[in-house]
């Protein structure tokens, strides 16, 4: 087995972000160098607190760096309706006993990428503000990043507006910076994550583990499901964020296609849309690998197996 | 059987428009009061000529009215790459022996709707310029139109840009006028028509009729297929426009859902997109019935049966 | 003296439109073929009524044609705060004894231009909707129009938004059509009309005529002044619309400069702005003569002299 | 006399930026804590070099911090046509013997503002990228800044497009961040600086000093004038940037008015415009003091007097 791949998780936990942290920290193929937090599903203070809580549940000592509390340009929108007031409503949440590091998330990203040129994979599962700030403060680092694997956007419909997915809409200018940076980039959007529904049988996979971590994940998924039932009439929530880490662990479970993606910054009804050139009508060179198909059973099995490694 | 439904076909023939004319004129459930032409797939002179040609092939004396030669606001784009120079490349085309009426298409629409309040169904299968001009010149008529059934737009990807379908992109301001008019409106977009592929076996249905009209339709479909093969890798062309008349004849073959559709007029990368609120995230009242599912076999069988009524 | 120049006044009276009608009808250099009305300062029903009233005050039999009751594309805004509920608040208004013609304003414009190719000057002093509808319905007429002299837009600040003047903002898509039509075009915007303030001494010029028409004009100007005092702190209203006819009568009183003007259709904060390339930074060819300087004393003297010709 | 006011000059030298450095460093009322550089008139490498050169000419040891080499969101435009290839074409330029500090301009701004809460005045005379990066990285500092005095924007016409001034157009998203930050803000735009023309007599004021610094300033002004002659037909260049420091030194020479300014981010023809609500038509609370009048003779005299303090 090759050396573990060094990664930074950039998140706005958020139920599915929390599951992604647990998945990454349970995966020997990865070495998680840090968790960086960003506003998003809820405010930065709460996403940061939720990162600290999840780290504690994972019994990890990975450092946590707080980042942007608002988008690069526009005003903040929030997603409290989906994730509850805390951002992790559902399970019982412990009080975190350790805090964040002093460094800004963007500074940590810059420093780490420079220290490991060509090696670092960034895994943002929230608005791309921290990554964009890092890329603008240190234009030298984009060519030094190994890969960015982002959960966000959509090739079909949005979820926050008819056109736009939440992470993209929450900071489209940041997305524009990252998609224009030349960095190797994978976009995992709603069109993919809507193939990964945590319906009751899949929630049961985690409940049946009989461990605290299994119960925590099951509680997260169960809470998350309620919103999806209301809006889409589905019997489970789309488990967006863990597709990122799962894709790095098992690319064979997924299909990705190269295409050009432009971020809509128009201020019109499609503001924040990831306009994906699925049929290559623009003639523009691809700037992203876009996930188009998910082996959902394989994905949930992988996730269950990794969560199962947490102690009882 | 009830009295036939009076309709006006507003078109930019175009292969699939021509098939739609033939379908409508062969359907006793409809009474076609006129064909109105608009720029679109090719310039107005050629779409008008193609309407005249198709009328002649159908041995019909329905009047033809020429309309707008350019969009309501923006500059003209054209679709010659898809439809060939004539707009009907493929079959042998006769020289039309009868011309158009003197009245402008918009004036004909206004006069006809006023003469039959609550009765007229408009079936546009090109840019909506003529309908928008009529609605702006005579604001009294929108409440008098029975229904508009339009081929255009998309709830997922576009075909002329990643975001926009051709008929919508060709005159989005006109689409905005029609979608904002309060008229009962059905939108049949690419998401529907991409379910109606004229693959070789389906083209054979028409060839096998052994009639001149059957051969004409088969030739149209065969030519149209080539473009789709190149772009999408499909083994046939999507038969967009005849879905409109087919939907009026046999609504049971289709699923439509009410939703709010906003036209993107931003000038950005999603300009011309029919932003459809599939998941009702905007809270805006539906302004259109949007087709979401097509029984393709049923549709092609219907079309074959009607084309079969043309004499040998 | 050469034959009088045939003109059509297209208006949304409106105090200054009414004065423009009186000025034109008192000027032997012009032959007013018709008044066409458009929504604008108030709704179409009232702008049309105000045109009829003003015609009656002028003891003229020029025909009046009602036109568009709403903009080409967007929703209607209104200017009642400036012009009062009637659109002509201030003077006593007679009840008009004669009505409009049956023809739509756009149809009248089309018919008249075709009948007098190269001769007709259009003088719109409201939103450009009627002219745009005519140009789109009959693309052949733009090259047949002698000249369009429009009051609207601004090279500096707006009055309805910081960026946009009312007539331009009320239908920017129509303005886009006209500015893109290739027609010889003069734009008289706020930057010019703000040089033509009807301060009390100038109002007195009309009051002192001692005629009913002089009193009518004085009453209009006095009412109009109040709004300007509130907003700008000026001691009189800017007499926008009559600059159009005055410019045709006495071009020596004005400076115009050729420049490229683009209409902002972005939907952003500058929507409706007439973006004028005063310094030729775009390299685009001029599409309009833009008025930059007004000899205000000369203008008011001219106006007074013509109003003085109305009988006591 | 009170303690000198601590300031940071954030610049993209640029002829007028260089004059502003010399003015500030010759003014005992100010304590210049640092020069921060940004891309703009030319690329960051050259604006930084020009800051170093100007510091050397001023015989100052103020630290220089390099900042952003590109805008916050969009792609870079440049102004080489105006400032020559070096960005300081015209005078003989010495080779700088001392370099920049290691810290990023934004980090220096953050650190300095936090160390002197409520005291620091930022004087940006280029694109606002560094200030915006600082405000987004450290949202706590906007309330700690004493004042921002920016040269940029315009209440009337632009210079890079018909609508937009160069510094605003070069990074409108950064301007949006700063104008939305709540910081006390003065905007000195083209409408003001076009009142401060360095015509030959005024250039002579500096030439006549008979000092190297006087000659340097005269050479800068003379070169800068050529561009203005070509474009505007003026007999001198508008001396934009030194109005900022002059305003802090002698506010009595200027008129400023509070108004709301919105940055146009539409992507349309007014993109980058500082849409200034001069007539308070929006009802929005002012977010800037906007300079409307300049006592140009007083300004040039002040500048001459300060440049005169440099040794012979």
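So that you can tell them apart, the chains are marked A, B, C and D in the order they are listed, and the count of residues begins at 1 in each.
Definition applied: contacts are C-beta pairs under 8 Å (C-beta built on N, C-alpha and C of every residue); 3 or more make two chains touch, one makes a residue touch a chain.
The shown structure was predicted, so the numbers you read here are calculated from the model rather than taken from an experiment.
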Hey, what chains does chain A share as contacts with chain B? C, D
By mean C-alpha coordinates, which chain is most distant from chain C? A
For the copies chain A and chain D, give the interface type as same if over half of its residue numbers appear on both sides, and as different if under half do. same
Here the gap between chain A and chain C, centre to centre from mean Cα coordinates and rounded to Å, is 57
Between chain B and chain C, tell me the centre distance in angstrom, where each centre is the average of that chain's C-alpha atoms. 41
Give me the residue numbers in chain C that touch at least two other chains, ranges are fine. 265-268
Residues on chain C engaged by chain A in the complex (per definition of touch): 266-268
Contacts from chain C onto chain B in the complex sit at residues 68-70, 72-73, 75, 104, 106, 133, 136-137, 139, 173, 176-177, 180, 265-267
Could you list, by residue number, the parts of chain A that touch chain B in their complex? 155-163, 231-232, 260, 262, 264-271, 273, 275-282
